[in-house]
Every structure is written in C-alpha cells, then in structure tokens.
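Written below as structure tokens is the structure these notes are about.
Think of it as A, B, C and D in the order they're written, each chain with its own count starting at 1.
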Amino acid sequence: MTAFVEALGLAMMLAGTAFLVVAAIGVWRLPDLLSRLHVLTKADTAGVALIAIGAAIHVQDVAATLSLALCTLLVAVSGATTGHLIARDQFNPSVADAEEGA
Amino acid sequence: MISEYAFLATGAGLVGLALLRLATSADLLMRVLGLNVLAVGIAMLLLVSGMGASGTDAVPQAFVLTGIVVLVGVTAVLLALAERIAEDRDE
Amino acid sequence: MSELSLLVLLPFLAATLTVAVPGRAASLGLVATAANALLVVSLCREIIARGAVEQVIGGWAAPLGITFVGDGLAAVMLAMTAIVSLAITAQAMSTPGRAGFWPLWMATLGALNGLFLSGDLFNLYVAFEILGLAAVGLTALAGTPMALRAAFDYLTAGLAGSLLILLGIALSYSVTGRVDLETVVVLTESSNGRIALALIAAGLAVKAALFPLHFWMPAAHSSAVPVASALLSALVVKGALYLALRLSIEGGAGAEFLRSALAVLGTGGMLWGAWNALRAERLKLLVAHSTVAQIGLIALAIGVAGDPLQNGLWTAAALLMLSHALAKAAMFLAVGRIAEALGHDRISGLNREELRPGAAEFAFAIAAISLVGLPPTAGFIGKWILIEGLVDEGAVHWIALLLLGTALSAAYLSRVVSRCLRGGPHVSATAQRLPWRSGDVAALGLATGALLLGLAAALPLTLLEVPFA
Amino acid sequence: MLPVFDVVLAAAILVSAALALWVRDRIAAVSGFLVTGLLVSLSWLRLGAPDVALAEAAIGAGLTGALLLRSAHRIPCAPSKALPPSLWCAAGALAIAISGAIVWTVTSFGAAPVYPSLVADNLPESGAQNPVTAVLLNFRAWDTLLEIAVLFVALTVVIMVAPARPRTAPLGPLVQPFARVLLPLTVLIGGHLLWQGGHAPGGAFQAGAVLAGGAIALGLSGVIGSKLTRQNGLALLAIAGLAIFALAALAAEVLTGALLGYPAGEAKTWIIAIESALTLSIAATLFLLFFGPAERH
C-alpha cells in the first residue's frame, strides 16, 4: 500500500515536472508572445498543481496539504492575471504609454 | 562538503562579477543591480561560513536578514534619485 | 537610564517626532541637540571621575550581545559632535527650513553617537548605513540637478564602501567566528585575518573620502546647502576616520600594516587635496578639496603614530579631528553666508570695495588659522604632539611631509583671506550686506572655539588619557 | 544526489547573475536579477537558513524586483562607451584576485563560530524558540533597532526626492477580482508568518514584506487609490515602528536597568508586541518606498 502511494506521488511529481519542462521549451522555441503566454500559463499552472498533489500524497499531513493547496491557488490566480496583463499590454500599448509618457 | 565549496565559489564569484560590473559601467541602473548582486554574494559567504555540524549558526543568519532589509531601503533611495535625475534632464 | 542609551535613542525619537509634527521641527531639534550636549557633558565628567564606562545591551554580554563602550576617545568624539551640532542647529534655525532637514539631521546625530559608542563590527556597519543614507539625503536637500547627481554618486560610493566593510566583517566571522571589536586583535595575527581587516579599511577609506577613493566627495560637499556641507565635512567623514583610529587601537602592534597604508594614502590625499584647492575657482570647491587634504593629514597622523597601546602619539590624530571638525564646520557656514551676501562664490570675485568684510569673512579667517595650525589652536597642539614624538623617533621624512602639508594649506587658504581683505570693484550687482543672524554667531562661535581649543587642550587630552575599556 | 543539485544550483546562480549584469535590455536585466534572487533564496534553504530564504524571496527578490521594474523604463541608458581593453583586463584581474582571496580566506583554517553554543544556552530565556528570532529581537535587538532606523531614513529621503508620479491607470477588469482574492490571502499569510516567527521560520520582516507586497498589488490594480498614499496616516504608521521600538528599549531599561533588557519571564510578550508593531510599520514603509509621495512640494 505505502509503496503504491509513494509511487503515485512520485509519478504525479514527475508528470508535473514534465509539464514545466515542456512549458520552458515552449517559451524558448515558440515564435511570438501570445503562443508563449499560452504555453506558459496553462502548463505552468498544471505543472505546479500536479507537483503539489504529489507532495501532498507524500507528506500525508493536513496542515501541509492546506498550504500546498493555497500555493497552487495563488499560482493559478496570479499566473492567469499576469498572463492577462502582459497580453493586454501587447494589444493595448496606449495604456502603458499613457502611464510612462506623462 | 562539495555543496559547501560550490556555494562558497558562488559567493566569491558573485562578489567578483559585481565588482567587475561596478568598475566597468557608468549606467545608473547597472550600478544599482551590481550593488545588489554584491550584497547577495556577501550574504552567501556569511551563510557558508556559518554552516556547521549542528545546523547553520543563527547569528550570521540574522546579519543576512538585516542586510537584506537595509539593502532594500538603500535601493529604493538609489532608484528614486536616479528617476529624479532622469526627470530633471528631460525638462 | 544611562547617558549612553539616551545619547543614541533621543536623536532617533526626535527624528520621528520632527516628521510627526513638522511645524515644531526646529524647536524639537534645538531641544534634542541641547539635551544631547548636556548628556555628553555629564558622560565626560563621569569618565574623567571614574574611568571608561561600559554598557551591556539587553544584558547579553559580547560576543553574543552588543556592548556600548564609552572610553576617552569615544567621549572626545561625542563632545566634538555635540559642539558642532549646537552650531549647526543654531544656523539651521535661522535659515528657512526645507522639508526633510530635521529628521535627517537628527538621524545623523543618532547614528554618529551610536557609531562612536558601539563595540561590535556588525553593529558599526548598520550605523554606517544610517549615517550614509542620511548624509545622502542632506546632500540632495538642495534639490538642484547637480546636487542630485552628486547625491547619487555619493550613495553608490558609500554603499560600495559599506558593502566592502560588510565583506570584511563576513571574512572576520569566517576567520575568528565572532564580530565584536575584540576580534580585531585576533585578526591581525593571521594573514587571512589581515585580508579581512584590509577590506574593512578599504571600505572605510571610501567612506572617509581618503585619497584616491575621494572621487565622490568634492561634488557632494560643494553642491549641498551650507548647513549640510558643514555637517558632512565636519562630522560625517569623521565617523569612518574614528573607526580607522579605533581599529588601529584595537589591533595594537599587529595593525602596523594598516597604519603604513593609512600613512601613504594620507600623504597622497594631503598633497592632492592641496593641489586641487590651490587651483579651485569656486570657494565651496576649495573648502571641499581642503577637506580631502585635511583628511589626508589626519590619516597620516593615525598612520605614523605607531602602536597606540605603547605611546600617546595617536592623541594627536584625535585632536586634529576635533579641531578640523570645529574649523571646517565654521568655514562651510561662513562660506554659505559669503555666497549669500555676494550672490556667487567665485574666488576671483571676492574682493570688494563698498562692502567691508563682515562676520562671515572674519569667521573664515579664524577657521583658516586653526586649519593651518598656528598657535594657539588645537590644530597646532595636535601637530606639536605629533612632531615632538616623531623627533624622538628620528622620523624626519614624516616631519618634512607634515610641514609641507601645513605650508600648502596656508597657501590655499590665504588665497581666500587675502582676496577678502583686498579692495577692488564688485563683480555682482546684487551683492548686499546681510543683517546679523544666529548663523553668524554659530560660525563665529565655532571658529573662536577652534582657536581657543588650543588653550583648553588639557581637557580633551585628559579625556584621551583615560585608559581603554 | 543533493551535491549534484547544489552544484547545478550554484552554477545557475552565477549564470543568471552574469546575464542580469551584462544583458543590454533593461527588462531582461531586471528579470535576470529576479531569477537570481529566487535561485539564491533556494540556495539559502540548502544552506540551512529558511528564515533568510523567506526574506530573500519576499524582500530581496520580490520587493527589490518590483522597485527595479518600476524604475527600469524611467532611467535612461547611459551611452555605452567601450572601455579600453587594457582597463577591462585590469578590472577583470582585480575581480578574480579578490574572488580568489575570498575563497582562500574562507577555506583556510579558521576558528569555529562562538555563537551556536551561546545561542543554544540562552535560547530558553530569550522568549523565542526560533534562534533567528531570538537573535534579531533579543540577543542583538540593537542591530534590529538601527535597521528600522535605516528604513526610516530611507523613507524620509525617498519622500523628499522621489519624482511626482502620474497616477497609474487601473489595470483592467481581471485585476480587481485578483486583488480581492489577494487581500485576504496576504493578511492571512502575513499573520501566519508573524505568529510562526516565534518558533519556526518567519517573523516581522517577512510578514511586513508580504503585507506590503499585497498592498502594492492592490495599489497597482487601482483598488487603493493614490489618495491613500497622500494621507499622513500611512506615513505616521511607517515611522511609528522606530518610535515604538526606541520607547520600548528605554522602557525596558527603566524596568530592568539594561537597555532592551526585557523583564525576566516576560520576554515573549515583549517580543510579540514589538514584532506586531514592526510588521505594520515595515509594511507601510515598504509600500511608501514603492509609491513615494503622490505630490512633491
């Protein structure tokens, strides 16, 4: 049983890492900003979530799981928001210019 | 042991890199970055020196913490001054 | 409560109050400086009566905790700060205030007091950071593009200096495992310890504007408002010089390598500063370059004095610091007044027909006498002690250098004094005779103080002879 | 396995720092610095200093990064003059010599630190179980008081010289809900870090930095208007830290005869009270350091 749980946790973490590696390759190789953002935000969120689940399985502790869940939530929310902001800046440069120019 | 040497070399390397950059650049932002990197290098040296068999010495940890807080204050002043200099030049 | 804690904490409390109640900042500042002076007097009496005092902060003895050490040298430095601070406050009260001056000035006072009392290297680093930041703020107070640029360069140089000090402290920790001042003597015993000490000394050299690391200083000291220039030149650079002297004392015989370096750099600074002062076209710049020269002289005095635990030659350096603080503060305050009266500070335009020299010119002349070191000033006594000691040692070349430096300082200062006395047409049409202000009293008081200090030199010398804690 | 990780980490820190210092693009340089900061805070964990790692992530990388990003575009590039190669070589040789001297100094025989046994012996009386908190707020609280004074002076100077900034435009519809999630979360995390500081990694500085970070995000999103930064209340809160700490130090001297010497048995209460005040004051200070004055006089 414990060996199975251990393996499950490890597999989760490995999968998460794979997501992150793919995201990193994507940021490096993809041609334009939007596709980079696309791969970054999604794969990033998924990767962190998987690693967090894997870690939670490993430690089997309520308090730790709670903070891991909070971390995942924060990454998801802030990843989406920053992605949005960067894209908005790209399409609507007037906002940024107005900020800096004045 | 290997880890210790790796971090020691990193600390010394960061100090060297930062000093080199400070000596060769006249750019205001680069100077701010260089000084920050220098501080990180020194912090690493303090922590590496504080490592012992029974965990890392708490006193250098407190030094590094103090150094980080002091540095953010100084950085804020440096950046405010640099922005003001740029603003006055524009006018 | 002991004087030591109040000496450091009162200025900081006053600083926060001057921010909270900006309308009463000036009177708060006056109260704080007056209280500070009274505390210093009481501390000096105690030290003369009972010897050096020590205070263990929080009840945790060094090396774990931090100790305040109030010995004779610290007391002389505190007294120097207290005297100059009274004059600065008097001058600042008579000039229209700028937002930010009072909290920065109070923080400078607190940091200086903390610096002179601290017995712990890391604590000294933090005190230096307060001092450096507040000094930069005082430089930027003028608000002109030149002052802002000078402030930025000052802060980067100052930060680089304090990071070098911190690097030295980190290495001291790695070599001896502790950072209180007693570690210095251990550091002098091994070659890697000496590397740590050399790094600390290099950082101090930047902060003290010791040649050739003085590049930031003339611009910063000459572009600030007069009160700030006086503060920076008279007190702030003394913090680093004091620590250099303290390291020389704590290191004892082993710190000889440090003293040799100080002597060489000091000589360079003395000559280079004098050369630039001779060529300066603006009065403020001349005074700033003269600070480079005088710092060189003080470093030279620390450097050639030999082991402080063996002989008393180092007291000459302390006396020179004291007399330079008073005279240079007077000089910058006077220069501010002269520039205000004439509408410019070009040396070529100092001669005048219809405006006879006033209090400011008088103060400048007296301060110049003190800086050159003519009798009966404290500068004279300092040089006398030094030369007497060097004669005993037969170190003729150092004596020759000292005399050369003295002659040079007489040469560049007489450029100003002789111009003031000479008649000639005015350059500026807006020149006017200014009414008397408390600032004139401050400049005159400091200048005469520096002059008469020589007669009362027994007092600081008694303090300096109190054995170290 | 772990030594390999450490070596890779160390190399990554050096590379990212070099990138940050030599890349031409401003944003890229600042991003490089941010990455360096995060890697460094990871290395602090490996060096057994979780308190410092938290502070580095929150302040050294986080807030400094935000400050740098804010300023990156506003500071023009200096015209890059190519230095003569001889000077370059001299500077390089000097840097290598200094690095070498450092490595030699640290590796050659030195005395063992005197502190660990002293800290361990006195920890029970200090009022904190976390040795770093005990050092910061009790054994060497004087350093910490001066550190707060540094923040005070920095804030004074920034308010004096910072350029008057135009109001930033609110950041759009998605940011406001983000800010609504963020606000309770930062308060929660800040409080947690503060409370935890007594017995585990955390404390006033980390908590204050988290609070300030949340507040800065709110300020940028337009939820907190520039009205707030203009009000004196926040500035008073910022300077209150120094005043309270100094008064507490003197009060302790009245009670026990030693500056900052907390009465026996009550050290924990004193530390928590001081830390709570410091947390709020640090948060306000860092927030104001970022936004500066809304108007300059």
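Quick note on the criterion: a contact is a pair of C-beta atoms (placed from the backbone, for glycine too) under 8 Å apart; a residue touches a chain by one contact, two chains touch by 3 or more.
This one's a predicted model, so the numbers in the text were calculated from it and none came from an experiment.
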item: Between the pairs B-C and B-D, the one where more C-beta pairs touch; value: B-D
item: Chain centre separation (chain B, chain C; CA means) in Å; value: 28
item: Between chain D and chain B, distance of the C-alpha-averaged centres to the nearest whole Å; value: 12
item: Distance between chain centroids, defined by C-alpha means - chain A, chain D (Å); value: 25
item: CA centroid of chain A to CA centroid of chain C, Å; value: 55
item: Set of chain D residues in contact with two or more other chains; value: 74, 102, 106, 110, 112-113, 115, 119, 139-140, 143, 147, 150, 153-154, 157, 161
item: Junction residues of chain C, two or more chains touched; value: 64, 122, 126, 129, 133, 136-137, 140, 148, 151, 167, 171, 173-174
item: Overlap residues in chain B, where contacts from two or more other chains coincide; value: 15, 28, 32, 45, 48-50, 59-60, 63, 66, 70, 73-74, 77, 81-82, 84, 89
item: Pairwise chain contacts, counting only pairs that touch as defined; value: A-D, B-C, B-D, C-D
item: Residues on chain D engaged by chain A in the complex (per definition of touch); value: 73-74, 166, 168-169, 171-172, 174-175, 178, 181-182, 185
item: Residue numbers on chain B that touch chain C, as the complex places them; value: 15, 22, 28, 31-32, 35, 38-39, 42, 45-46, 48-50, 59-60, 63, 66-67, 70, 73-74, 77-78, 81-82, 84-85, 88-89
item: Chain C residues touching chain B - in the complex, by the definition given at the top; value: 64, 122, 126, 129, 133, 136-137, 140, 145, 148-149, 151-152, 155-156, 159-160, 163, 166-167, 169-171, 173-174, 179
item: Contact set on chain C toward chain D in their complex; value: 1-2, 4-6, 9, 12-13, 15-17, 19-20, 55-60, 63-66, 68, 99-100, 103-104, 107, 110-111, 114, 122-123, 126-127, 129-130, 133-134, 136-137, 140-141, 143, 148, 151, 167, 171, 173-178, 186, 192, 195-196
item: Residues of chain B that touch chain D when the two form their complex; value: 2-3, 5-21, 23-30, 32-34, 36-37, 40, 43-45, 47-52, 54-66, 68-77, 79-84, 86-87, 89
